[in-house]
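Two complexes follow with chain A in common, the first pairing it with chain B and the second with chain C.
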Partner chain A sequence: MNRKTSSLSMGKLFSISGIIVVLLALIPLLTGRTDVITWFTFTLMYVTLSQSWNIIGGYTGQQNLGHAAFFGIGALTARYLWLFGMPLPLALLAGSLAAAAFAIIIGFPAFRLKGVYFVIGTLVLAEILRIVFDTLLPRASVLPSRLLNVYSLTPRYYLNLIIAVLAIGCVYWISRSKFGLGLMSIRENVDAAEASGVNTQKYKLLAFLLSTFMSGLAGGTYAYYASAAQPGYLFSAVWTFDAVIIAFVGGVGTILGPVIGSVFFVLIQQLLSLYLPGGIHVLVFGILFILVVLFLPGGLIGLWKKITGPDSKNGGGRIDSRD
Partner chain B sequence: MITQLVAQTVVNGINVGALYGLAAVGLSLTFGVMKILNIAHGEFLMVGGYLAFWLLTLRGIDPFVSVPLVAVAVFLLGMICYRFLFAGIARFEEETKVKNSLLVGFGLFLIVPQIARLLWTADVRSITPKYSGESFPLLNVRIAYVPLGGLLIAVVVILALHLLLTKTYFGKSVRGTSENWKAAKLMGINVDRTYLFTFAIGTGLAGVSGVLVGLTQALTPDIGMEWTLKALIVVVLAGIGSVGGAFFAGIILGVVEAAGAIFMGPYAVALGLVIFLLILMLRPQGLFGNE
Partner chain C sequence: MILEIKNLLKSFGGLVAIKDLHFTVSDGEIIGLIGPNGSGKTTLFNLISGFLKPDSGGIRFNGGDITGLKPHRICRTGIARTFQLTKPFGGMTALQNIMVGRMYGAEWGGRVRQAEEECEKILEFVGLGGRGLFFASSFNIVDRKRLEIARALATKPKLLLLDEMMSGLTHTEMEEALQLVKTIGHSGITLIVVEHVMKVILDVSSRLIVLNHGEKIAEGNPQEVVRNEKVIEAYLGE
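What follows is the complex of A and B.
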């Protein structure tokens, strides 16, 4: 169904994305304002994070509310290895692998849980990790002065840019591959997918691995970014919730949805924080989220497609059966 | 000495456990009857606690007197939420209904704490009438008045709910709807209204537990998720839809946690969650459920 998600030809799509990436790559050269670069860095990190959730929650239809667990594992592993002197790329890789390894351990039992039990189970799992790490490592991990003295936002920004592009590329591949079709068939109807020869258990696990690996990577970039980080906070449910609302408001189960959602999220966050006390953006986004769930299952992307052309079919992410 | 410690731990555990049970009963009711898991259950609890806090500090109304007031207020709030947010979803087929109601509850879970922060600030509050902290000795064990009152209220409320569900026509329609809503509808039961009242009763119960929580523990805008999880654990322990079971499972969890806290300190909460996951995996029908 994603074969013709866009009326644009493939070549055009690629050149537009290429131009955007080049423009993004130029930003640190154009502006020296750290606040602007920080916004972009966060937007890109949210892109990675929400895309990672999109793979399991959007394309596969398994509403994993324990996403923070993998973000946290990735972040904590990468952070400590990096601070112990491991080269950053290796530390990031190790963090992601740790997150994926944890996903293997809990994947088999977790996918035995169906429907609402899967959601509760994953939510509780992340909460257990948060409590354990809050107790085990109560003190914030602060960068040593040798690193603080040379701290610069620019490499953080580029790292997030590269990883976000990779994440979008990965989701793009999923949306066009046989593997992705298998995932979407699981989302629409597990029994029918099984009956038509999709090994649903294997596909779900693979999607879960990919999603958690990417989430661990997002965690790693945050670990690299943060000058001080409370280990318990890295496992905070906030990371799950941000990923979920961004994906839904943007358009869950689409390639561009999480991207647009992330831009929108950071934009609203920054705009509102100018005038109102902090946290109000969560209120606004929560209301948007409910509206999307109730009235606009395609998210902002779906809205855009409804406005521009009624014949271009909305790419997916619908989790109701109203059509 | 050691017997005293054990007895005190059990008493404390029962006091906390009664709250867990009361918080869980409402969740169990809505989940059992409507197959809607209200993730925002703890938010209604939090709102109930703050309403009682308001009534005490602004109007000087004793928290035990304000229990019925808060119950009615949160009941109405639940009605409004159901009418505008959940009613449309309740019509869908099972799987869609579960997922979408979960997402709406999740949205509420994001919104309500922010509103609470605007109304009551992020400061830690507690409901402290003059007599809070006072206690009397009973066979070596100190019994505090406030938790004892909370326990009594919890017992009375749950008995009342039990009578409502088993002895009245409304209770019959609730039980009928939970078994098979289509058949219930064919028998002339107003399913929509039954859902509306069931949901509102569930939130009203959350409101009552909120008052009791505020009397014995800290109130912050962020306690909602914690209490939803607690209630969920209890519901799963008891088996979904089992109202009486939920109360006893709550007391078991309270005692286990109180005992665990002696040996494991802060890990006791994690212990409760691990037990929960194991039961979810190995015995999804709950400890008291039979299927």
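What follows is the complex of A and C.
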């Protein structure tokens, strides 16, 4: 089909993305307002976090509600190693690897659970870790004064920018690779995937590894950002539900959904916290989430495609892998 | 000989679904597998394709033992199957459905674009030309069956198990499907066809195997087998 026109729009997409990234890179040079930079930093961190959930929940169809466990492991590992003097990139890598290693350990038993049991099992797992770390490490980890004195948001912002771009790139690759086809076939029908030659156990586990590695990386960036962090809070279910809500509101199983979802999420969060008592944004997002699941299964991306493209059946939709 | 089933036994609790089954299939044959409801046809397909493990007995394919292998391994040895109730990857395009079969079911080292081109040809072959970018969930029953066959063919099978391709089709659609099955058979792929429509089975198969209560009660030339007293009895009762 009209490949020429579509590859043209592909090129356009790449140039637009490039321009956006450059503009984002300029932000700290243009403004010194810490509140603005904090917004952007959080938005970018949410992009990474929700993309990481998107890989296992959106593309592979395994509704992992224990995502916070891997965020927490990544965050805690990276933070302590960094505070003990390990170079930041290595500490981040170690955190991500620790998250993925934990995924291997629990992946084998967890994927024996099907459907709602997998959902409950993963949810419980993260809660157990939260309680364990609340008990073991009840005191908040505060940056020492040597680091606090030189604390600057700018490197935090750039770190999150780089990692978010990598996360989007990773999901982009998944969406148009053999690997991604395998993941999607598992989401759509496990039996048919097996019958077509997909080693479903192996690919579920690979998706889980990639997803948890990325989640650990998001955790690491948070550990680097936070001047004080309660270890138990790093495992809080909030991280899971933020990621899930962002992915669904933006458009689950798509490349851009989590990006749009994150922008929207942080924007609403900030606006609501200006006018409403703290924590109300969670309620608003809960309601929004229910509305999206009920009436807009494609999320904001799906809505956008419905408005712009009358041929919604033809390509597009949940999978943006075909050009 | 491409497939050898030897003393195959499978029971679910107290119910014996396949009882000491024994038969062989030669390269290029089109086997019609018939029998009343519950006679074990689909169970046999599930055993051959690895979705069920036999209690005892063995399955040899193309010279190797495939008993108890997982479905994806069996697929890669060259056995493809369709499902009686079609299982399309609904949230993926038709082309993507077939590409899964092409890239995972058979050796693949090429580029995605290359697989796309190959799979477009397969789509055309089964009569879905130009529909590649539509979601499989938007397909009607006939097209889902075509898609199911296309996905199976994309794995480059030597042996293809077709489970009730004709159910739910109108007369004309059946004729088209019949032609498709014949074309596949002529291309050198060995076929085992489960079918309830007798006209189809007699027309297409070179040999008939009849199951009843998990046992083989007749085997041989289609015209002769359907006149076999045991077979008539199994279908009509005493």
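Convention: the second predicted complex is superposed on the first by the 303 of 323 C-alpha atoms of A that agree within 3 Å, B and C clash if a C-alpha of one lies under 4 Å from a C-alpha of the other, contacts with A are read in each partner's own complex, and residues count from 1 in each chain.
By definition in this document, a contact is a pair of C-beta atoms (placed from the backbone, for glycine too) under 8 Å apart; a residue touches a chain by one contact, two chains touch by 3 or more.
Just so it is clear, the model here is predicted, and its values are computed rather than measured.
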(request) Pick one for A:L296: touches chain B only (first), chain C only (second), both, or neither. (result) neither
(request) For A:L123, select first, second, both or neither according to whether it touches chain B, chain C, the two together, or no partner. (result) first
(message) Is A:R176 touching anything from chain B or chain C once the two structures are fitted on A? First, second, both or neither.
(response) second
(request) Check whether A:L206 is in contact with chain B, with chain C, with both or with neither, and answer first, second, both or neither. (result) neither
(request) Mind telling me which of the two, chain B or chain C, contacts the most residues of chain A? (result) B
(request) Could you tell me if A:V132 is touching chain B, chain C, both of them or neither one (first, second, both, neither)? (result) first
(message) I'd like to know which partner A:E194 touches here: chain B for first, chain C for second, both or neither.
(response) second
(request) Check whether A:L88 is in contact with chain B, with chain C, with both or with neither, and answer first, second, both or neither. (result) neither
(request) Using the superposition on A, tell me which residues of chain A are in contact with chain B and, in the other complex, with chain C. (result) 319, 321
(request) Flag every residue of chain C that touches chain A in the complex, lowest number first. (result) 49-51, 70-72, 75-76, 80-81, 83, 87-93, 95-96, 99-101, 103-106, 108, 112, 115, 132-135, 138, 151-152, 154-155
(request) Going by the contact rule at the top, pick out the chain A residues touching chain B in the complex. (result) 63, 65, 109, 112-113, 115-117, 119-121, 123-125, 127-128, 131-132, 134-135, 237, 241, 244-245, 248, 277, 279-280, 282-283, 285-287, 289-290, 293-294, 319-321
(request) Could you pull out which chain B residues touch chain A in their complex? (result) 37, 85, 88-89, 92-93, 95-96, 98-100, 102-104, 106-111, 114-115, 117-118, 225, 229, 232-233, 236, 265-267, 269-270, 273-274, 276-277, 280-281, 284
(request) Would you pull the chain A residues touching chain C in the complex into a rising list? (result) 1, 176-178, 181-182, 184-185, 187-189, 191-200, 253, 313-315, 317-319, 321-322
